[in-house]
Structure formats: structure tokens, C-alpha cells
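Here is the structure we will look at.
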Amino acid sequence: APIVAKAEQFIPLLVYRTGPYAPSGIPLANGFVDYFELINARDGGVNGVKISWEECETSYNNDRGVECYERLKKQGATGASLVNPYSTGITYALIERATADKIPVFSMGYGRADATIGSVFPYVFTAPATYWAGADAIIQYIQAQEKGSLKGKKIALVYHDSAYGKEPIATLQALGKQEGYSLNLFPVAHPGLEQKATWLQIGRQLRPDWVIMWGWGVMNATAIKEAAAVGFPMEKFIGIWWSGSEADVKPAGAAAKGYKSAQFTGTGTGAPIHAQIREQLYAKNMGIGKDTFGEVLYNRGLVNAAIAVEAIRTAQGKFGNKPLTGEQVQWGFENLNMTQEVIDKLGLTGLMSPIKLSCNDHEGGGAVVIQQWDGKNWNYVSDFINPRREMLTKMYEASAMQYAKEKNITPRDCKM
Amino acid sequence: MFFSWPFFFEVLIGGLLSGVMYSLVALGFVLIFKASGVFNFAQGAMVLFAALTLVGFINMGVPVPLAIVIAIIVMILLAYAVERAVLRPLVNQPPIILFMATIGITFFIDGFGQTLWGSDVYALDIGIPNQPLFFGDILVNSFDLVAAVVAGVLVAVLAVFFQKTRIGRALRAVADDHQAAMSVGIPLRVIWVIVWSVAGLVALVAGIMWGSKLGVQFSLALIALKALPVLILGGFTSIPGAIIGGLIIGAGEKLAEVFIGPFLAGAIEDWFAYMLAMLVLLFRPQGLFGEKIIERV
Amino acid sequence: MIYREAGQFKTSYAADQAIFPIRLDRWGMLVTLFVAFFVIPVVANEYWLLSILVPFLVFSLAAIGLNILTGYAGQLSLGTGGFMACGAFAAYKLSTAFPELNILIVFLLSGGVAAAVGVLFGLPSLRIKGFYLAVATLAAQFFLIWMFNKFGWFNNYSPSGVISAPPRALFGDFYVTGASASPVAKYLFLLGFVAVMALIAKNLTRCKIGRSWMAIRDMDIAAEIIGIRPLMAKLSAFAISSFFIGIAGAMWAFIYTGSVEALAFDINRSFQVLFMIIIGGLGSILGSFLGAAFIVLLPILLNNVPGLIGWQIPVDMIAHLEFMIFGALIIFFLIVEPHGLARLWQIAKEKMRLWPFPY
Amino acid sequence: MTSATAERLDAATEPAGALLSVNNIEVIYDHVILVLKGVSLEVPQGGIVALLGANGAGKSTTLKSISNLLRAERGEVTKGSVHFDGTRIDGLTPDALVRMGVIQVMEGRHCFEHLTVEENLLTGAYTRKEGRQAIADDLELVYHYFPRLKERRTSLAGYTSGGEQQMCAIGRALMSRPKIILLDEPSMGLAPQLVEQIFEIVKQLNEKEGVSFLLAEQNTNVALRYAHFGYILENGRIVLDGAADALRNNEDVKEFYLGLSGAGRKSFRDVKQYRRRKRWLG
Amino acid sequence: MAEADSALAQTLAPAPQRGGAPVLRLTDIELGFGGVKAINKVSFEVRKGEILAIIGPNGAGKSSMLNVINGFYKPQLGTIEFQGRTLRAMDPNTAAKNGIARTFQNIALFKGMSTLDNLMTGRLLKMKRGLFWQALYWGPAQKEELEHREAVEKIIDFLEIQAVRRTPVGRLPYGLQKRVELGRALAMEPDILLLDEPMAGMNVEEKEDMCRFILEVNQEFGTTIVLIEHDMGVVMDISDRVVVLDYGVKIADGTPDEVRANQRVIDAYLGVSH
């Protein structure tokens, strides 16, 4: 249970355990809480500073998210140390506010891709990979499957018709020019209960070589079902990492077998940390994630929490072992370096790839892997793919500068 | 993109069949409206609640047929509760007030269902096949065919129910004027329990069909929004109207999405369905098959 | 007798037609305004200003707008979200295309844009009535949201479709939008604006046009026969209602959240505003405020109170409870008083007037 | 003056075994509007009792509190009791009352607009269990009383004229074979000939079938001609009661309810003074 | 009903002569609904300043006739001559503008509004201030409001409904509602007033009041009145001329005395002579 007391490092948790996106929100939130409990139980906190947290239900609603943020930002000894909005929409809504409040927004694998540029977005962190990076990784994977060339191939993008779903379009288009494939767009209106027309178009008219999906919530399972209904081969159907959890494939039943998705966190319950959670928490009747233990999004919650804690730990190295302010944690993020040793030490072996952030690079160079559903489990079917960051950084920069101009922001100098 | 007749027919058939799925939900609305003059906003929530209850029991290890029976009983209890707590105290209030009360019911059921069964997603598999079938060149989905048969049966049964003159007449009388219906001795409370129970059953059927398709979860309540255009197009008071409305809306929106959508950047089917329905209303303000709206002074 | 009007004689019709013919009400209003303008900015913290009072005011404005259409003119509408989006996107386009334009004018113009769109979608109301119309307004809702979501022009081709408010000052350095606007400035600007708009709404509803709306609502045939043109009455209601709602949408985007995507104005927003006027009271300006307060405050209360009194309730439980309590309260209010909080207040006053006698 | 001390013109005609008795009821609408302030009245077995009174006196309210349709208008009986045939009935549902034989014909017709005239009549037989034939016979009977309804049997009641609707509402009540009918303003909007006709029907039903009636009527003249007993309601209180004949000869009743001055009937043209209402102070 | 003395009243009112030139002439009006012929080739005229009663059995087409006159029903055949123009059908709005006001058989008041507001709606056509002034209120709009309020207050006084000025009309008893409805029609300051059973559901005393109101309006403002009523006492006493409809057909047209003596009218409507 969340305890807010003096001398603790406070982290607000914006969650959605109800509403249309709850099936995904629940494992995510559980992962967070279990990790924090583990840190407090196993290590007695971060260098002795206990972590406290409070959940606030957003229902994946932007305005509720803003309200949650405002309510929780001043809590704890030093205020919120960082915020994980868990929605691209809420991320957008918080960027300006949090920057003004000097609280880091950690949008792990979602939100604004161009916020990677730390000089323009000092308080936003996108590690370990943005949507643009995800799109690039998926294209790289497809390219490998197609023996290196995408010339003349048809790729369809089925996407949630919202800020989130639109993120990859520009990247995929740019890559299309470069690699020579054609891209067809198929928006699906929220919530995405009906996709028959979309899939008739895809499966019976366009007949693309590959389908990429930026789906969310019930839309994912429906898409898989409808794809099966028109006989589209699952092996050629790849979702982004938010379209690749148990909640997305299980309702589709047998139809989902063979479906793939991108991933930047590990699957399963085999990491050392899983054993520790079982021993230190579940065995002692602590922790709340039993039902979702080891699910894709549960693990992602663990990793997200771990990165946040490490940023705090890094900051403590400079500011001392005491509760830190958001501004100090921001420094921790920018100097975060999670090497493989650190990852192993934390028991996260296999759950994430190393990242290293800096003043201007808030993404940290994480790698992406493709996984496939075999009807029971997710299995990796590719090596770790490194998104082509030189190209992406140019795109990030262009977009970030545009933003800076609109908002009259003078970019920070990160060279010093 | 190119146009070809087989593809056109595929879309048409697919559209007609998904329209039938909407009809399943729309029927519940029609039932309550026709029988008590209440626009039951909670129909979508009832679909969710019925489906959640069903999977809930199935997941507890109850055999499917028994779980269905239990779900039916639960829906009847719900009808009873709604009558007792909402309709009875609000007798004879104008339709808009009752409509708002059903909004309250919606929220309550949404919250209550999630409290009981959680907000997670559950797969519901009662063995309806979901395979592409080919008739000649044309693809049809087996699941959709089953849905169409179910809806057809349901409409037939309900039509008979309303034809059974005494009850049917009483139901329509209640829809016109609660107070007058009471004054001639129609037991309003019983009638309401019956109607809401039947609507609950219809919701269960819709819940089973949609739940098998999408999994059972909160979003199921939102299919009510897909049923509304069907409802207005067919007319609030017509049971066959719900089916025909469903067919028209289903076919219309799918054809539009496929053949017009690409010119408008897509995802037009939602508003297209509503626009289509509105267009029909401009010519027939009571929907295609609805009862005439009486205006007299 | 705490509350009385006996002894207060009105010697002119003008006094009798006043908004608050009873002295105590007048004083009550003045005190409320004084507190709102002078006390709250001093004592309220940022959370209260930005997360409670600002959305409350924005919603009040939207609720007044919808109340004009639904409560006064009797046209049930579920398109509120769509019209709010119109206002928001119009304000965005106007303020980015004409950076020099004063923000006040931007807001008013965006209300005008919403009004025009409202009239367009109001046209079918001439033939379509009641619930049929309600569902038909959903066509507007879905279409508008789709349109703003779809066409890059509306969001200046931002890749995600999200618009965010540019920093604008009302005058000089008094920024009311953007990151540099202080919470107090936002609040005061909004408060002043909403107060004036509420007064205008009140004036309209007690004049000729308001009466023609109510006549159409209560009995359209009779209204037509005494010479009210249904077309004019309905369309003017749509226009003015959308004007208010459009401005509310612009305020939502510019002052409350600061950035929005079209989806922020989806159908749930329409329902939310509808609930406000139901709970507050159809056909009552005061009710619009009460309803907005109720709906804004209830979830916040439910989320905060258990924590304050030391209960640890899991958030999902709170959310479910919120749903249930909310639903139950709607029903409860309808049973106790179908005419909403405003009427409840009126009855309370009537009882006070009769006090200590029960009838 | 309260009802307890109300003028009693003729106690002798008061019947022994009352079929329906209303004891000192108080009715409040909307929690604040007190409308009936202690009304008591009785309808004997086989009697026709008229309830007279000006607009807003509370006649309809009285009838609705007997048939329990009050709740549907946010009204409530807060005091007193109602007995029918020896059992207490306030608190029973309207349909239970109809099954017991108490039915009300509401003021203002209240036909089911979207049902045809015939369907309207048939809903009246909802509580009956005797089978189709008996109901069909009664339908014919109603058509016999109101031939105009037969002509209009297939048209929607919502489209029929005001008088046709009134006939329809009365016919509908007859279809339930009631023991007592609470008739609220049956003559309203009916052509004179039809008014007589309806009261003739009332008389026939009363004499042949033993149906009792409680009539709220504005047409005092006709009402007192057919009723056995009458009550006069003013401002929610019974101010006068007595045998119909006695009431008809009461000077006040003559002046205010029958429009007769000392010299007999005066023309409507001649009533120059309209601020001359005398009221029984309650 | 006693018939003894109404003859006396008749002598006071030289009925046939009272009507001036025809202000409204209906010729061969035919109106049907599906199978039902509500009005079948009916012609009659309304003369300036008279009180014309339309009587007939239930369903004869009386209300429909009023609906034709003020344009709510469009007759299939026939013409309406009004203000020197011959029309196929009236338009409700034009009718209202040109001074035709009416009341309804099933009260059609604006239930959610107070008595005062109901009466004020009757004056909407006379109010001229635009939206802008209304939004401002203080100033011209208020001035206009007050002017009309004064006119309305006169009507309120006249009809003696001061006590219910602020009551929502839905709560008023039936009889008062009828009176308010008359007030709303009067507020329009009509030239022709159409009254559909204004006295239904009233007791004698109230009918007397209503008659006074009608006569006074007729005499003081010269308003032409067309009236449907089933109370023969009232009709015979106050009307100048009577048109009798039966099943959509006009069966008589003349002074009350003529009509009263007409055997067809007695058979079809009166039952016994009045």
C-alpha cells in the first residue's frame, strides 16, 4: 500500500485500472508497484531512501491525467520526482506543465518522439525507444525477412486514429521513400470495435505484403480476429509494442497464433527479479501483481520502474542520499547509464537492453526485438535490432526545432 | 484502388452481416422503447454486464449451459432491481427524465459489473466457428452467418411475443401513457419487469455474440453507439425495423468506408452511419418503420 | 423565518423583472462574486485553481450553452463535444494565423465559428424531434471530431494532430494562455468571461428570444400558431448555444489543458455536459453552474476524501465506486427532484420561507 | 369551517353500508403543496355520488387518491384512509384496485394515442380473465352505447376528436366490468345530447348492473339530476353535503353551481358582476 | 336546461345586424385524413365584430375547421378569403401576424413557463428589439419588455389571474389554465379570436365569468370571435350567429333562434330543443 511520509522519494503513478484500456493498464501498474515494493523490501529503498507512491486513476483520459498530475505533483517530501503519464495524449498535455514545474516526464516508448532532443525538451525522456525508432526497427525486420529489399512491396499501416496512432506515419513514409515500398494507411476510429471494412480492404483488395499495426486496447484483438477472418497470414502482421501483450492476443483465441509484435522489454518469468519478487513479496503476502505476473506489460512496468529508480540513484550520487526534487532527478536521467552489469545486478537480465542517456539524447539508444505469439507464449523471433539513430536524430531535431520556434523556446546548449 | 464486382459483393455481404450484429444490440433498445416509451441508454451496459456475468461464471468452472441459465437469472434480477429502484419512483415522468435515469443505470451497471468481475479482458469461446468461407469467389465469414441466424430467430421470437395481443397491447399502452395504463389496471410493475427481463435476455445474446468476437471487456458497452444509427433508421418502435435498419446501416457504412473512405482519408464509417440515418429521418422523421408521430391540437 | 420576501414590495415592473427580485438573493450573489473575484485568488492554491476551478468554469460555460439548447429550447443534443472542438480548433487556427489578434477577440470569433457550424447541424431539427434529434446530433459529434482529427490543416499539420495553445496575453504582460500564464491570471480571466457570458445568457432567456425558445420546447405547435417561427427559434437556439459551447471548447484547449487532440472532445464530453445540465437543472442558468460543480467536484472528492481520512482504497475500487455513486446519484436526484439541483435549491428556499410551518 | 362541522343538509339519506369511504385524507403535491385538507366522503353500495366544486377545489385529486394514481403526479396521501368493501385500499396499486373493481376515468381523456380505438377499449379488459367471448360481448356493448366509436374503431385514438376520445376513455373503463367507477368530468367536451346519453348510461349501469359511481362534475345541473347524493368541495375541504334533491334546492348551490338566481335561470349575457364570489370560508 | 329567460337576453342583442362586412370567407372547404372526411364542402363567412359559434356533434369537424382557419391544417380543396386575398390555405405564421389568435381544445399552454411568461409570448410578434439589445437587456430591451409587461398586466387584471402570475401553468387547475390560454390569445391583440371549447370543464359560475370576458373583449375591442362550445345555454346566449356542422357537412347557419328551431339540428345535435 502506498505510504506517503517524510524522507521518502515520492513517485506519482498515473494508472488506468478501469475503462476501455484497463486490460493493458492493470499489468502495467502492477509491475510498477511490485518493483517499488521490492526495492523497499529488498534494499530498504534506494540507498536507504524509501520510495513512496500514490496511484491516480486516469482511465486513459487526458483531462483526468492532468488533474492527477496537478494533484500529485506537490506531494511527498520533495514533490513528485518524475511522472509516467502512460498515454501519449497525457504526455502531450503534461510536457509544458511539467517543464514549468521542473518535473521529468518519463514517457517510455510512447509520447512525442522528437522530445528525445534534450536541448528543446529538457524534462522529457523517451528511453529506450520512441515510436519512430519502433517503426524503423519493424521496417528493418521486414527488410530482413524480405531478403534485404523492400522495393515494390506493399505495406499497410492500421492505426488507432489518435495522436498515438499517427506518430509513426511520417517515419514510415520517409522510410518508404528510402526503401521503395508503398505505404497504405488505415485509420481505425476509437475504440475500434468494428474493422470489417478495413480488413476487407486490406485482405481482399489491397493484399499487402505486410501489415503494421499501431493499435491500442480492444482494437488489437479485433484487428487480429478480422485479419484472420479475411485470411491474412499472421506471420506478416506486426504490431508495435503496445499491440503485443497477452490482453491483445488472448481474446482473439486461436486466430492470433503467429501474430508478431515489436518489443523492447523481455517476456516471461525467468529473470532473476521474478524469483526475487516471488520470494520477497508474494511469499510474504506483499505485492499486488500475482494475477499478471510475467505478462508482457507487467514486465514493462518493472523495467519502467527500474529505469526511474536508477535515475534517482544516479542523481543521489551527485546530490546525496536523501529525497530529491524533480530538478535533481532530471540530472539523474541525463546522466543515466544502465550498462549490462547494472542490469544484471538489478536482476533484470533479459528484460532490457543497455541504455545511456545524455543532455541532448533522452532516448539512450535502446534496442528493439520482434516477438511472436505461439498460442501460449511470446517468443523472440529476431535478434535485437538497433534503430538507425543517425537518421532518426535528424528527424527528431527537425521536428523539435519546429516546436521550439512555435513556442518561443531557446534550446539549451548541451555542448558544455 | 480498383473496383471489382466480386469485391463489391464481398463488402456488401460483409456489411449486411455486420449490420445484423448491430441489430442484435438495437433490438434491446427497441424492445424497451416500444414497451414503455423509455429510451434505454443502459442497453450497452446491459450487454457488457450480461457478458461479464456469463464469462465470470464460466471462468469459475461452471459448465456453459448452466452459466447461461445463471446469467439469465441475473438479468432478471437486474430487471427487478431496475424496476424497484428506478422505474417505480419515476412513473409518469416525461420521457427525457426516464432517459436520464437510464444514463444513471448505465453508470451504475458499468461500475457494479467491473467491481464484481474486474476490468480485465476475458476470452469468451462457446465454439462459434470463425473461418473464411468461399462462395465462388466471394468471401463470407462463418461467424457472421451464425450471428445472422441468431438475430433472425430473435426477431421472430420477439415479434411473436408482441403479437400475443393482450400483453403486446398492454406494453404499447404503457409506452403511450403510464398513468392511463395504470388507471385501466395494467400492472405497470410486472410489465416493466417483464420488458426489462426480455431486454436483458436480448442483451445476453448480443453479449455472447459480441463477446465471442471481441472478448469480454469494458469496451463492449460502447457498441451501443454502433446500434444507435440502426435504431433511428429503423424507427424506435419497430422490431423488424431494427433488422432492416441494421442491414442498411451495415451495408451502407462498409461500402462507404471501402469505396468513399479512401478519398476522405478513411475512418468515416462511424459518422457515415449517423449521417445516413439522419438523411433518412429528414424524409421520415419517425424512421423507416417507426410509429407515426402524432401531432394534433 | 430566515428567508422571506414579505415586506419587500416592488413598486415598478422593472424591479419585479429583476434577476433577483428578492433582496437576500441579491446579497447572496454579490457575496459570491466578491469571494470569487477577490478572496479565492488569494487563498486558493495552484491545484485548486487549475484543476478544479478552471475546469469548473469552462464546464459551466459549456453547460450554459447546452442548457440554452436543451433546457430552454428543448432540443436534446449530444453534439456538445463536437461544437467544443469547433471552438477549440477555430481558436487555434485564428490565434496562429493572426498572432496579433487579441485573445479575447480570438475566443469570440471562435464562438462565432462554432455558432455557424451549430446552425448547419441544427437545420434537421426542423423535421426531426426528440430522441431522434438527439441521435441525429451524434452525426455532428462524430463527423466534427473525425474532421478535426483527419485534416492536418486544422492542427497546422502537426504530426500527431495535437494542438497546443500559443502564449497570448490579454493585454501587456497579462498572459492568459501558454506556459507563462499564471494560474491566477487564467482563473481571473476565465471567471470574468464566464460571469459576463452567464449574464448575457440570463438576459437572453428572460427576453423575447428566451420565451420563444421555451414556447417551442413546451409546445411547438401552439408556438407556431401564436406566430413564433420554429425555424428561427430553433436555429437561433442552436447558434447561441453553439456560440457558448464553442467558446468553452476554446477555453478548454487554451486555458485548461493547454494542448488537446480532437479526441478530447469525443462523445464522452457531450455526455458529461449533458449530465451537468440534468443534475443542475434543465432550463436554469444557476443550475448549469451547480451541475458543473457537481460533476467536476464529485470524482475529485471521491478520489481525495478516502485518502484524507486515512482510508486506503485501491484506485480501481474508487473508480468503480465513482461510477456507481455517480449513477446512483443521477437516479437519486431524478427521483427526488426531476428538475435538478436548481429546483432543489428553490424548494429549499420555499421551505425556508414557510418555516417554521411545514406547508 | 372544517369538514367535521360542514353543513349537513340531509342526514337521513346517508346509506348504512358504504361501499367506498374516504376518511379525512390530506394530500400534498411535490412535498409542499397541500391540496386536500381533510376530506371525508362515502359512496354507498349502488349509489351515484357527485363531487362538485369549482376549478382547483381538489375533485380530481380526491378521485386520484382513491384510485391511487396520485403517486404518478408526485402527490401523496399524508393522512387519513380509504376503505373499499371493508378493506383498506390506500396503498394498493392501481391495478390491484382495478381487479377489485375500482376504476377511474381520468380527466382529460388520456387515451393511448398510438393504439386504435378498439385496441384502447381492449386494454380496458386487461385484468379480466373470462376469456375472449365475454370480452368480445362487452366490446359490442360499448359500441352499442357509443356507435361513433364503432365507426372510428380502426383509427388511432390520437387522431380522433376530443369527444371521441372522451367516449373512448369511458368505454375503456367499462370494459373492466368495475364495481365502482370514479368518473372525472365525464361531460367535458361532449355534445349536449351525448352528455345526456352518458348519464343515461351511468343510470343504466347503476340500475341494471349495480355499478356505483363517484362523479366529479362541473356540470352540476346534470350531475345532480342523476346523482343520489352530493358533496361540495371548496379549497380542499368538503363544505356541504346532502341528498341531491336537497342540494339542488340549496340557495347557495343554486346561485353558484346552477346559475339560477332567485328569478330562475339568467342569461349569460346578463351577468355583469363577476366579482361576487361568495366562499364558504375554510 | 331551463330555456325560459334567454329569450329576454336575445332581445337585447339584435344579433343578425351586428356583424359587419365579412372579414373571412371560407368556400367549399374539403379536408380529409386518409379515409375520413373531416370537412366536406363547407362554406361560411365570418363577419367583422360578431360572435360566431360553431356547434355540432363530436367529431363533426369543428376543431378541424379552426385548424383550417389558422393554417394548421391545409384543406385539400376550397379557398379562404382573408384581407382581400384569396388563399388556397392559410399559413400559421401569417395568420398570427394578421391578427388571428386562438385557444385550443386540449389546452396547449407552455407548461414549463409561468402565467406571466405565457402571456408575454403572446406579444412576441410585437416585440422588435434585436438579439444584441436583448443580450444587453438594460436599455432598449428592458424598456420594450416593460411596455409589454404593462399591456400584459392589463390582461391579467382583466382576467383576474393576478394570484397565479408567477405560477408555472402546469400546476394550475384546468379552469385557470383555460383562462390563461385566453389571456395568451388576448395578448396578441387579435382581430379575430378563435376559441375552441373555452368553457369545457367549468362550472356555471366560471362559465359566467368566461362569458363576461368574451363579451367584453368583443364589445370593447371589437374583436371578432369564432367560438366552439357544447354548452347550448352559452351558445344561444352570447353568439350572434351559429354555424352547425355534422359529420363534416354544414347543416345550418343562422341566428341562434333559427338554429335552435331547425329540425335537422335538433336531430343531429341538440337531442331535445333548447
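Of note:
The first chain written gets the first letter, and so on, giving A, B, C, D and E; residue counts start at 1 in each chain.
Just so we're on the same page, a residue touches a chain if its C-beta (ideal position, glycine included) is under 8 Å from a C-beta of that chain, and two chains touch if they have at least 3 such contacts.
Since this is a predicted model, take the numbers as computed values, not measurements.
Annotation of chain B and chain E: jointly contacted by C, D, touch as defined at the top. In this structure, the chain pairs C-E and B-C differ in their number of contacting C-beta pairs, and the larger number is found at B-C. With centres set at the average Cα position, the gap from chain A to chain C is 37 Å.
If you average the CA atoms of chain D and of chain E, the two centres end up 28 Å from each other.
Here the spacing of chain C and chain D, counted between their Cα centres, is 48 Å.
In chain D, the residues that touch at least two other chains are 33, 159.
For chain E, the set of residues that touch two or more other chains comprises 63, 72, 104-106, 108.
With touch defined as above, residues shared between interfaces to two or more other chains in chain C number as follows: 146, 150, 221-222, 225, 316, 319-320, 323.
Residue ranges on chain C touching chain E, taken from their complex, read 13-14, 17, 200, 203-204, 206-209, 211-212, 214-215, 217-219, 221-229, 236, 283. Chain B contributes residues 1-2, 7, 10-11, 14-15, 18, 114, 119-123, 125, 130-132, 139, 141, 143, 210, 213-219, 222-223, 226, 253-254, 257-258, 261, 265-267, 269-270 to its touches with chain A in the complex.
Of all residues in chain D, only 29, 33, 52-57, 107-108, 148, 152, 155, 159-164, 166-167, 185, 188-197, 218-221, 256-260, 263-272, 274-275, 277 touch chain E in the complex they form. Against chain D, in their complex, chain C makes its touches with residues 347, 350-351, 354, 359. Chain contact summary for the complex, chain D toward chain C: residues 28, 30-34.
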